[in-house]
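As written, the chain order gives the labels A, B, C, D and E, with residue 1 at the start of each chain.
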Amino acid sequence: MNIPIDWAVAGPATILAAGAVIALLVDAFFPRRTWLGSGLPATAALVAAGLELFRLHDDVGQGTFALSLIILAGSLFVVVASNVMNFENAMPPGEYHFLLLSSAAGALLMVSARDLVTLIVSLELLSLPSIALVGLRHGDRRAIRSAWTFFFASVVATAVTLMGISLLYGAAGTLDYEGLSVGLQTTEVPHSVVTVAVLLTIIGLLFKLGAVPFHMWIPDAYLGAPILVAGFLSSVSKAASIGALMIVLEAALPSAYGTWSALVAVVAAASMTIGNVGALRQSNAVGLLAWSSVAQAGFLLAPVAVSGSIGSQAALQYLAAYVLANLVAFAALAVVLRLRGSTDYDELRGLARTDPPTGIPLVLAALTLAGFPPAIIGLVTKYVVIQPVIEADKTWLAVVMAVNVMLGLAYCLRLVAVLFDKPQGEAYVSPSPPFSVRIAKAVVILGALGIVALSAWPALLLSNLP
Amino acid sequence: MSATEILFLVFAVIAVGSAVLAMTSKQLVHSALWLVVTLGAIAGCFVLMTAEFVAWVQVLVYVGSIVVLVIFALMMTRQPAAGPSAEVTGNRWAAAVIGLVAAGGLGATVVAGFEGERIEGQRIGTAGSLGDALFNDWVLAFEVLSLVLLAALIGAIVISRAGSDR
Amino acid sequence: MIVAALAVPFGLGLLLLILRGAVPGRVAAVSGSVAMAASLVLYALVWEGSTGVSGEVDSSWIEPLGARLHLGVTDISWPFLLMTALLGLLCCVWLVAEDTSPALVGLVLIISASALGVFSSLDLLLFFVFFELALIPMWFVIAWWGDPSTSSGSGGDEGRRRAATRFLLFTVTGSALLLVGIVVVAARPLGTLQILDVEDAPLLAAVLIVLGFAVKTPLVPLHTWLPDAHSKAPTVGSVLLAGVFLKLGTYGLILLGARMIPDQFSRIAPYVAVAGVVGIVWSALACYAQDDLKRLIAYSSIGHMGFVALAISTMSDVGLAAAVFGSVAHGLITGMLFFASGSVKDRFGTASMATIGRGLYARTPWLAVAFVFAAIASLGLPGLAGFWGELLSLRAAYEVGDVLSKGSAWTLLGFAVLGIALTTAYFVRAIRLIAQGDPVPHDGDRDLNRREALVMGVLAIGIVALGVAPGLLVGLYEVAG
Amino acid sequence: MPLLYPLVLAAALFGIGVYGVLARRNAVLMLLGVELMLNAVNLNLVAFDAWHGDELHTGQVLTLFTIALAAAEIGLGLAIILTLFRAVRTIDVDKVGAE
Amino acid sequence: MKPFGRFPSSRGSAARTSRWVYVAVTAVLAVVVAIWAIPDLGGGYFGYAAAAPGSTPPMPDLSPDLFLFPVSAQIVLLTVGVGLLVQIYSTAYLGHHPRYRSYALIIILFLVAMIAVVGTTNLWVLLVGWEVMGLCSYLLIGHEWETAEARAGAAKAFLMTRIADLGLVIAILVIGQAYGTYDLLGAELAASDGGPRSSTAIGLLVLVAVVGKSAQFPLHTWLPDAMPGPTPITALIHAATMVAAGVYLAARMLPFYRESEVVLVALAVIAGITMLMGALFALVQADLKRALAWSTVSQLALMFSAIAAGDPGAGTDHLLAHGVFKALLFLGCGCIMHAVGSSALSAMGGLRKAMPVTFVSMTIGFGALAGLVPTVGFFTKDSVLAALEHAAQGDAELPAAVGQVLFYTALATTFVTAAYAARLWLTTFFGPDSSSPVEHVEAEAPRAMLLPVVVLAVATFALSVGQPVHLGFGLLSTAVAVFAGGVVVYAWRNRGELDIDAPRLSRELDLDEPYSRWIPAITRSASRLVVAVDRDGVDAYPAGGAAGAQLGSRLLGVLQSRNVQRYATVMAVGVIAIVAAGVIWT
């Protein structure tokens, strides 16, 4: 018996790792502390990894391919939009991009891992650099405190997961997915032990996903992190976690379906409810997105809870729309943060009127997250995730989802209202925004166009994701 | 009961006892030192379970480096005005209950799952055999791990620099 | 043709929103009127007869879900479409004034077009998209152009925004349940999203769909958003809300409930009927104690929708005709009532009857006449449009149908009749309070201007026409004799 | 040797580690609690490896990885703690979060 | 911007000519109706082809389906005749009113509605006319809407009649369901062919409608309160036509319920109570117009009694006669009010010299009311009495006992009627000049007002031609009337005044209490309750939900303490909970 090492799937990750090191080195020799020195190599690495991924299209599974694509696209978006952040005196660009790419490589490996050992190591590769990224801002107490919170919660979750993995190993004698799925069926170990093992194992992934009750680090981390790192955490990191979770549950633990299905459903319901309720009183756009991402984790988990190929397909499609909208929102907020110094509602008031290129995409993103026309793609993906839940006869979960659609709209609407409100005081006009801001804005608009295009032809997304 | 078993039980008692002390001691540095004892005892257990190489790594990495790091950290973060404030927080009763439940739950689980099984110990985990496994079967994870260590290193550096006011 | 009828107002609406700074309000309103008129004409022309689907458009949209861009006009939707287009047109005409904001015209156009889209959709998902599309524009209409005064409830920006948000959250809760209901209908392997192809669905679907539309209709006890929203909304907002939005609910109940899944709908129809009738009596009593004219009209809408709900729940041919007639008549009459009370509010800055003062007959005669005419139509005087809807509802209840038991149907009939009596009482009270009495002159005493007169005249003609010739509408649903 | 010996020991250590994580005031010692938990895992892994007689030595390999991961975590963690200490002059867990 | 110019007002000479426009329109209407109706006066139920009724009734429509037979032709002619006279009368009586235009237009609308009620066989058209009449009545009573009495009276009249009208609505539904058609003749043919169906239900529902419209007990209280309306309107609507339409409808629908004893007895009881009660109320009134209103109520009851006795012909004959002489009396009353400025009896007295034409005409009217030869009232009342006597003999569907009670009640009513007629006549035209502060009357009313009065007086005689004579009843009723008149004259001679001190009767037995107090009070409290419950009860779940969500949000904010140990505790508890749940449930 031999662990089949899937070198093919490691290709893009390898490119990313190499790109990370190159970015770090180029930056070290680059005269100016700007995005350019490390950002360009990072961008190149991501593009190359993407090309490599397409080259491998037939070798990797459809699900993995889609997830990898989402991860790469999300990372690319983050890297390019990072232009707007203040590298001059707050953050070292080389390290920033190195950590970002390392994390992205970890994300890629998580969804291509076919055994729990690789999974846990990749998970750490995703986590540790992102923890460092959260605490990256110089001289910022809030950043370092957030990093501490994130770090500590993360290592505890990892420890618990490892305990689960060790028990699984005990029960099945192996840790690769196929072996597990066979081993758990034939094992003589009692069912309750397998249950404990399975549940402890998925906790690490639920933690990264930010599902209730492992969500508490999310608002702290998002608010303390550099804004696009928060975007990264909410998109790429979540994509990797939900993807890995889907793969683990389906490939390794199908025999324990009865165990995890109900509990994932409960966690999903709790996540969306608590996330939405938590978001209700936020008056900072990032805080809002943080809580909303907890809720979105619930929506992502719901179809996973009922599994089956339709379930994971639905989760993937939802994920794609969510990642796009979320990144557009974060990038737009990054522009606001750069120009105005805060993402509080008071700063956002009237943004859609005074600065439509930033404000309107933000509106579109908020509506997509809420699942509300005219952002039809948000609505369609909500439909898509409710469908398998209904088909699996989990009506109660569907109703909870419906109620949460309402709750989600409540706060998104508040944001939209603020954005369209009459600007207070004199409108801030940025004195000829730097080039980097323009690039970020272009990225935001591009993302918004993506939302519009998907809203006009939802089939574009639905037919092309597996 | 064989000698191995008796020895294992002795190590176990030492490990648990020193772990309790490490987690409750009022003196911070004592805690770290008690932890060293625990880790050492665990290394002994590893040896008794035929995992020689792992035991060596445990001693080298943990006892040799991690604990030293920890002690340094403790020294560096010693607060000048640290009074006789208890080294445990108000959370301790909840912590005790949760810890007991966790231990009890896990204990019950393993008892339910693996009672009566015995370790025969034919395959000794020597450096050679582990090296084979590492570089043949687990090389991908191993490579990833190296990247993790690099990233953690750079992260640690950059975080430390982040704190310094420039 | 349908596509054009939808695209013209949609496009113009978006254009006006984008160019809101560059276009004078009057131009915007006139162009909006033209667009809605075009839409009205197109919808009138598309009709091919009451059998089958007129002007069907069916092209692929979201293949993986089986959702299609499937539009068409059926015998049920046609009256709704014409009424909606007419009300949209009149709203635009109403806005032909110097101080109109082009953005408001744009929003009105989008709201009207969305409603038209709902009535034209033959695909459940498309239906739902249009159903939701109008909500946020309506939120803005209420929250921005609403009444900032403190006369009813909390005032200021906060008050109207709260009312708008309440409206939105209520309806969204409903529509979220509706979405789940749609998913249940379309659930694999047998389901489909094409409304006309749906064979059957679980009871759950019917429950969710009915709940969803019950919020919109609204049925007691899901109605409390309505008076608040109406009392705060601007005139055109109120007109569209009452004339068009509530019809989305009744149309949904007819099409997605009684027509699409009759077997399951019949199992909950009795509850719908009871809710409807309770609403008739309840709202009539509530009206009797209102001081705010717009709240009064809002509550009266609940009562009228109660009749429609009663009619739908009988599930007979007569009930269907009653529901359609009642909805359309209510659209015209309540539209006129809201236009009239909007005129009042424009003049006196409030809709509180105590503040407006007595004797409008003398102070603003034509306005008073318009209001009294609409009120009388609303209380169901035979010979005006409002009567036939109620009458047919009563007839449907009297004939019992297959769903309700005779005893319960006739009990409901009795309460409905009581409701009619109470309706007369509160409208007579309102007329007494503001139209009659010793006139107390007020600075705002100005009679109808030309644009107001035009709008109300058109509606009055419509009301009389439907009242004198109910066959125009019920002819579509001739029962087998 | 009975398999239960190391397993029960691991459970006990895990529980003690949890207690440490949840009860210690000093951030560094909380981290040590995590280390205890990880060591409990390691005990499990090694025990199961020996019990299964795993050809791939999955358990022991993962133990090695865990030790390495622990090192990485401790490295990053101590960096964070030190920076935190410099920023807020305390690593008392009750005081770190409070403004 | 005033697109309509000034709101209608009729000041100035130009307006004076325009007043005659409405008269002209009414005249044209009258002529057209006359041309249409007169040929039918002698006809019968011929030449009508009813559509074959189906199993379910068709959807409603409003095709006119005009059809007349002798009785309806007479009523149509009466309607347009009185209507024309009232229009002429109003040019003088109300011509200077600023809202004359709307007034005149509503009269025309009313006439059309009445013609619709009488002249159609389409039940829906009938219903529309029926309710439009009610609306016109409402608008015209409330013509003087500045005054509180007019507002209140109008509202009350409209509410009570409309609520009663719902009976007709349901009755039509029942007819449609029973006979499969909404065509009156078609249904009647079906009823005569296949026997009546649902007769009790239809009868009782129709009864509700006519009781309300004709102000019969117990829905009688609106008619006296409608007196603040302009007097010509009272003459037209509340004496001659609309209230009488109830009688017409009851007669017209008789084929549906003539088999139902319950309905007939109910009708008889109502008629009996109302006729005597109305007459007694009329006797004690201190207001001429109100007395005449009660008289109307009483006379209508007499007509209903004829229908209950199975002789609708007698009822409708008396309807016509009553329409003429009661219009005469009200218009005369209007002339007096025009002169003295009040309708209180105390303001009148000794007017025979100042207003000779009015005096003579109204004398004729009172004579007809009392049933004296040779006025038309004599003949038609006797027909009714004859019909009742028939019923008392057991020759009708009505039980004989009921018939007998009804007959004697009618006789008693005849007595009281003659008494109050004499009282009103004496108090108004004889005796000393009024003691009221109003300036004394110097002249007769204008010609435009006198002309209609005189025409009606002539008609009161003219209609007698060709009426059947019931000699025995004629003698009997004349004797009763003369006796009553004698009693009154005797009292007048002795006491010099005719005020009757009967406080309970003057308060009309407090029968209005439920309508003026109880029902409004109950409705008001119910509505207050509903509003309160709506706000605090029904609204509790969304309000509670919102408050709960906000509270939850705040709570989550508090939990978000940024103390990582707390977080870890929550996580640990969560893990234990999840694992425990997993182990227990699976």
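The criterion applied here is as follows: contacts are C-beta pairs under 8 Å (C-beta built on N, C-alpha and C of every residue); 3 or more make two chains touch, one makes a residue touch a chain.
This is a predicted model, so every value here is computed, not measured.
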Determine the set of chains touching chain B that also touch chain D. A, E
Starting at chain B, what is the smallest number of hops through touching chains needed to reach chain C? 2
Per CA centroids, the chain at the heart of the structure shown is C
Chain A-chain C separation of Cα centroids, rounded to whole Å: 43
Here the gap between chain C and chain D, centre to centre from mean Cα coordinates and rounded to Å, is 65
Where chain B and chain E are represented by their mean Cα positions, the distance between them in whole Å: 100
Length of the line joining the C-alpha centres of chain D and chain E, rounded to whole Å: 95
Mark out which residues of chain B touch at least two other chains, giving numbers and ranges. 89, 91, 94-95, 98, 101-102, 105-106, 109-110, 114, 137-138, 141, 145, 148, 152, 155-157, 159, 162-163
Mind pulling the chain E residues that touch 2 or more other chains? 562, 564-566, 568-569, 572-573, 579
Chain A: which residues touch two or more other chains? 2-3, 117, 121, 124, 128, 131-132, 135, 144-145, 147-149, 152, 156, 160, 163, 167, 170, 192, 196, 410
Let me make sure I understand the interfaces: which chain pairs count as touching? A-B, A-C, A-D, A-E, B-D, B-E, C-E, D-E
Residues of chain E that touch chain C when the two form their complex: 1-4, 7-8, 54-62, 124, 127-128, 130-132, 135, 142, 145-146, 151, 155, 158-159, 162-163, 166, 169-170, 173-174, 176-177, 180, 523-524, 526-531, 534, 538-539, 541-542, 546
Inside the complex, what are the residues of chain A that reach chain C? 310, 367, 372-374, 376, 379-380, 382-384, 386-387, 390-391, 395, 398-399, 401-403, 405-406, 409-410, 413, 416-417, 420, 458-459, 462-463
What does chain C use to touch chain E in their complex? 166, 169-170, 220-221, 223-225, 282, 285-290, 318, 321, 359, 361-362, 365-366, 376, 381-383, 388, 391-392, 394-395, 398-399, 413, 417, 420-422, 424-425, 428-429, 432, 435-439, 447-450, 453, 468-471, 474-475, 477-481
Which of the residues in chain C come into contact with chain A in the complex? 60-65, 125, 128-130, 132-133, 135-136, 139-140, 143, 161, 165, 168-169, 172-173, 176-177, 179-180, 182-184, 186-188, 204
Give every residue of chain D touching chain A within the complex, in rising order. 7, 10, 14, 17, 21, 27, 30-31, 34, 37-38, 40-41, 44-45, 47-49, 51-52, 54-56, 58-59, 61-62, 65-66, 69, 72-73, 76-77, 80-81, 83-84, 87-88, 96-97
